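All chains are identified by letter, namely A, B, C and D, in their written order; residue positions are counted from 1 within each chain.
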Amino acid sequence: MERMTEEQVKTIANMLRKRSLWMIHYCTGCGAMELPPTMTSRYDMERFGLAPYVTSRQADILLITGYLNVKTLRRVITVYEQMLDPKYVIGFGSCALNGGVYWDSYAVIKQLDRYIPADLYIAGCMPRPEAIISAFRHLMELIDSGKADGYKRYKRNLAYYKENQRKVLG
Amino acid sequence: MNKSYELFIGPNHPGIPGNFSLKIELEGDTVVSAKGDPGYLHRAFEKAMEGRYYIQNLALIPRICVPEPDINEAAYAMAVEDLMGVEIPERAKYIRTIVLELARVANYTMWLGGLAGTLGLYTLAQWSIGDRDYALDLFSDICGARVYHMYIWPGGVRRDLTPGWEDSVLSYIRYLKNRLIDYDNIFLKNVMFKYRTKGIAVVTKEQAIEWGATGPILKAAGVAQDVRKDDPYAAYEYLDFEIPTLTDGDSWSRAMIRRWELENSLNMIEQAIKKMPKKGPVCAKMPNPLKGYVPEGETYAKVESARGEHGFYMVSDGTGKPYRVAVRGASHTHMFTIAEKVLVGQRLADVSHTLVSLDICPPEIDR
Amino acid sequence: MVKMILIAIGAPLVAFAIGLSFMMIKRKIVARIQRRYGPTIIQPIYDVLKLLVKEDNISHGVIFSLGPIIAIAGSILAVFFIPMAGFSMLTGSGDLIALLYIMAIGSLGMALGAGDSANPNASIGISRALTLMFGYDLPLVIIVISVALQYHTTNLSDIVAAQANGNWTLWTLPLSAIVGFVVTYGALGEHPFDIVTAPHEVATGPMVEYGGKHLGFLMISHAFHIYIEIALFVDLFLGGASNILIFYLKMFAVFFIMIMFDEVLPRFKIDDAVRFYWKWPTVVALISLIIVLVK
Amino acid sequence: MNMSLELLLATPFIGGLLTYIGGKVHRWVRNIFAVLFSLLTLGEMSLFYNTTFKGDVWGSLFGSKLILQTNPITWLFLLIVTSISLLVIVFSVDDMKHEEDHIVLDSYYMQLLFVEGAMIGIVLAGDLITFFMFWEIMSWTSYFLIVHGGKKSMDAGYKYIIMSIIGAYAMFVAIAMIYSKAHSLVYPDVALVLSQSSPTFTIWIIILLGVGFFVKAAVMPLHTWLPDAHSEAPSPVSPLLSGVLIKMGAYGLFIIFYGLMSANLAKNIMPSIFSTPVLLYIVQWLAALSIVLATFLAIMQEDAKRLLAYSSISQIGYVVLGLATGTSLGVAGGLFHALNHAIFKSLLFLAVGAVIYRTGTRNLSDLGGLVKKMPFTFVALVVGIIALAGVPPLNGFVSKWMIYEALLQKKEVFLLIMAFVGSTGAFLYVYRLVHSIFLGQLSQKHENVKDVPILMQIPMWVLVIATVIYGIFPGLAMDVIVKGMKMFGFAPIAYNLYGFPQGSTMGALKVINIASVLMISFVVAWIFFLLFSKSRKVSQYDNYAAGQVVTPELKYNYSFGFYMSFGRVIKPIFKISIERIYNYWVDAAKIFGDYYMRRVYTGNLETYNSYIVIVVTIAAAAVLLGGKIW
């Protein structure tokens, strides 16, 4: 009985979480260019309860909007670790996936989820606002079913992530 | 006694227009020193371009400046054409002009939203960025992409306009001209806007010239200089337009200059559509791009971006890949020679507004 | 006795509900002004609840955690002192002058908490908040004095009673009412006085380190805050109300007009805001005060 | 003849001497003597508390009787004097330990007790000679106390004593004028003479005496000595100066306004504005200006003790403003605020003293984040600032509220607005104080700071409790005040233990309700808060810095120029600085003084001899002419 209620609490919490996703205001790469249209009057992300918030403490989603170079990665990790659980990461565009057009650049991190756990990727360069919104909808489904557990994975595999981060950042 | 303290504007801060950091030292709420901290967006473009064929580089260059990618394509195409000695067809020139001006319009509407945002007027930001989106739809019509078009390429443009595109452009211009009246009423004619921007971040004529400012900063300081007029490219020499100037050089003047330029661009697009040859090739005959042969030599091609002079310096050693490429973005100058000096003595409340007013575009700084 | 206890529990809940409903409506109306569809109407409830059920919360110390709690406690206290549609718990225990100070308790508690977050952004935010408070307090005090002299009492219930039968202060002292309206902007931190939390300047100021349930509490206290400021305006100038529906409608009218102006103004700089408040609103309020004195 | 008042008066003086002698034996003998004798004084005070003694002759001078007397108002001030002195002496034991020189410390404790005795004497005085005598003893001993504070304090003390002397001369002239007319300086006689003499004479008396009291109470524009003296004095002395000593000025004003000349008398001899005699009205305005300008100055300070010193000027403005209203509510408010200010300002100075004791600096921008290291001092300071800001439910609120109501009843709206502005301004500087010292980032050099020893904490806790008790039960103090004011001919005001019922004032006040509802809602909110998942404590370096990492080396603390933007707003007001005008005068006086000093103090023994001869001749002539100098 007790487990049941705990389960129910989790369901309710997830239901609330998916309806109010605050993303951190951090334009890590050029994918951020398609965020203003998504936020503003034409696509109006706020319909889904998504809103940009300023500091790492307030936000739920970290958007890695495009490529990450080494200098940014350090800040992204700081920001990610400052965020409060539950927190979700969305990798934006092909650069976050595999380096994209910068596959041969010395400055760019090739694969995002070696360093921080990504819950979702959006393919494309750049992803269109429709794609972004569809990704958010998908994330909501994942949260609802409890599958968006990147923050748990990060805690579980902290050694792995730290090792990878250390290799790059030194 | 610890008089001053440090504050970071960026990278994770709404007051910075992109992934860039500004480290400011403040005393009370007055800036004592400001130091830009670039490198968060460094992707080694110039190095990467040396390793790729000329045609491959086309995919890379629009990403140098995200808000207005087309200027990169134009400058790159012009540099390659210059090296190869190719003259592009008349119709391509006009199409390039229309696309470039449309990109400028898209940039300025977004910039206007950004400026209003830093001053706390989010309504205009919502309106103008929403209106910009219709311009992106027009791009999407001709090349299938909203942001990175890769439409202008060496020899002309990639493909001809879709039928009826000109009409959609004209109707968009009519729409935007009506909207501009609304923008003026809510923002540019607003008393509070004048109150906040008059006398802020002044760059005088002498300073602007000495510090190497270009674009709206220079025009706002009273120097009528514009690459489109002084060294015309594409079809600008056939178009009739004025270069607006103001004398104060403050944030208000820059906003006004951009507002006029926005209207200027709309008029230029109308003119270009009217004067454009209705038929004809849109691309000169070019050798096979994969075996692309560019003769030895070096060149500097420049265009007028929304922020100022944007140029490509390119050296070719006769192989399929460029030997050396250097990009001159206007933002770099504006950030490190102008903003760092202008910010000193400003109030904290004006910092992010000053950055937007000088139109700092971080990806252009880092490359 | 039972009735008293019910009121004691009910009054803050009603106040919170009203404040929350205004937060909901505001987001929708603002969205429509900005040519957007806007969030679902109950979005603020989702936001608050989501923040409360965050699994992880951080704290910089006891004072940091106490900040939001004091903010809410002070707000609840103030709710009891403002006559709410016919019943008023504590208006006999403290008058209008006391209320001005009671309303400050929440803000000061919040300031203490934010100060403990050890972040200069928060410090600047508080410095701005207190300066702004000082700015709008001068005209506020003058209009409060005018109203008190007009009705020869500082007891809020009596002031409300004196305005019965449509004899509102709005009609008798229109200048004071206008100033009161302008002051309410500053007190609520609406545009152009959202200097305290200006994200582009100080990254949400005092709230910079608050997240999770702390931020949820701050949002709850903001709902109370909206209620308190507007209810005070309604009680002082629009004659209060005898039933909750009319009270709500009056408050809604005031709030609606506020949002209409709110979304078309860029924000002030802090010293300009103080200068503004000490110039026109003060002068107008003084004129109104002199009219009361001469009458 | 009742010996009890003489005993009360003599205890601190005898104690002072014994303490000095005890210091020669061992420092602990000295410390214990000092604490013991101040405790004894407090004990005697509480033994006789609230009994009325009338006209206790203890000597005579120039044929004038020297009288000690009491009334309930006296006991109010005696309560302040004796209790704060005791707490200061207890606080001194640890705080002054760092002083190497034992002789200096011996005289320090002696002077502390002497100041206490002198203030008791002032309050107990039943005639102007006694009053003046102890007034001078107080000025000089407090001067010696101030100069204990180090190099800068010499200048501050110099400024203080010069202004005190000017005030004392003014008082002396006034007393001489009264004596020449009345041949007696006992209060009732003086009051009788004043009621019969011409208005011009009376007004001159008030002005001359008023200057003396204004200097001591530091009402603008005679305040310039206070910020220096109070901030440069040793930390335990500042509470005595700010909390108690300037109240003597307020007490003096109360005596001349309502003791020597009743309010009716004042109304008869001069025109009235807002039913206030014009002179009192001017005093009200001066007090209101003190409130506002000192608040503005306090906001701009960068030094913790200086900030508190300016705040003292502002708060004493409320006391004087209340006293000068002339209505029972206002005067009661003023007197109550004198008590409250003594409590919370002493508390604040002690708390800041504790911080200085541990960190060695009082520069606000060097401090920060101490809440984790000195939690008890933090609580004490927070209670103090809440009371100072006049926020319910602590004591500063009640007395300010009474003053506001009094002004509102009299429709003196502009004064009321100024009083309000000063009070809201107080939010700014008190927050600055607590933020810069205790909140924000802890600097690395204060990593190892501990809370102060128990002997320094006890005085603070006593004051914290007093602040809360007088805040929630204002009736405790009002008992004494109302009883005393009845003796001075004021109408009684309706009050009860918890505040003021409807009727006597324009609104009602019941502090216990405010306090209890606040407490309940706080507990409810807290319980609600605890329902949700627990919070994890993070270090101050794990902080939002726009994605950057905060390191200990980084100056990431906003403290200097906390209200710089506000400073820009009020800048035009301070273009004409009172301070600067004074400095012109001081410079001019120095040049003038240097020139003539050299002619007087030639360094030649014969010249000095001739001076002595001249003085002795004049004195002899005076005696021969019948013992009258005038």
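Note that in this section contacts are C-beta pairs under 8 Å (C-beta built on N, C-alpha and C of every residue); 3 or more make two chains touch, one makes a residue touch a chain.
Note that the structure is predicted; figures quoted are calculated from it, not measured.
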| item | value |
| --- | --- |
| Most central chain, judged by mean C-alpha position against the global CA mean | C |
| Centroid distance [mean C-alpha coordinates] between chain C and chain A, Å | 36 |
| Whole-Å gap between the CA centroids of chain A and chain D | 60 |
| Geometric centre distance via CA averages, chain B-chain A, whole Å | 29 |
| Between chain B and chain C, centroid-to-centroid distance (C-alpha), Å | 44 |
| Multi-chain contact sites of chain B, meaning residues that touch two or more partners | 5, 11-14, 29, 126-127, 130, 347 |
| Per-residue multi-chain contacts in chain C, two or more chains | 34-36, 53-58, 120-121, 124, 127, 199, 203, 208-209, 212, 269-270 |
| For chain D, residues contacting two or more additional chains | 542, 544-548, 556-559, 562, 565 |
| Chain-level touch network, classified as line, ring, star, complete or other | complete |
| Contact set on chain D toward chain C in their complex | 369, 371-372, 378, 382, 386, 389-392, 397, 401, 404-405, 408, 411, 413, 416-417, 420-421, 424-425, 427-428, 431, 434-435, 439-442, 499, 502, 505-510, 513-514, 517-518, 521-522, 524-526, 529, 532-538, 540, 542-546, 556-559, 562-563, 565-566, 568-569 |
| Of chain D, residues touching chain A in the complex | 542, 544, 547-549 |
| For the chain C and chain B complex, residues of the former touching the latter | 33-36, 120-121, 124, 127, 191-192, 194-195, 198-203, 263-270, 272 |
| Chain B-touching residues of chain A, taken from the complex the two chains share | 24-30, 32-34, 36-37, 39-43, 52, 54-56, 67, 69, 71-72, 75, 79, 101-102, 104-108, 125-126, 128 |
| Chain D to chain B touching residues, read off their complex | 302, 363, 365-366, 443, 545-548, 554-562, 564-565, 567 |
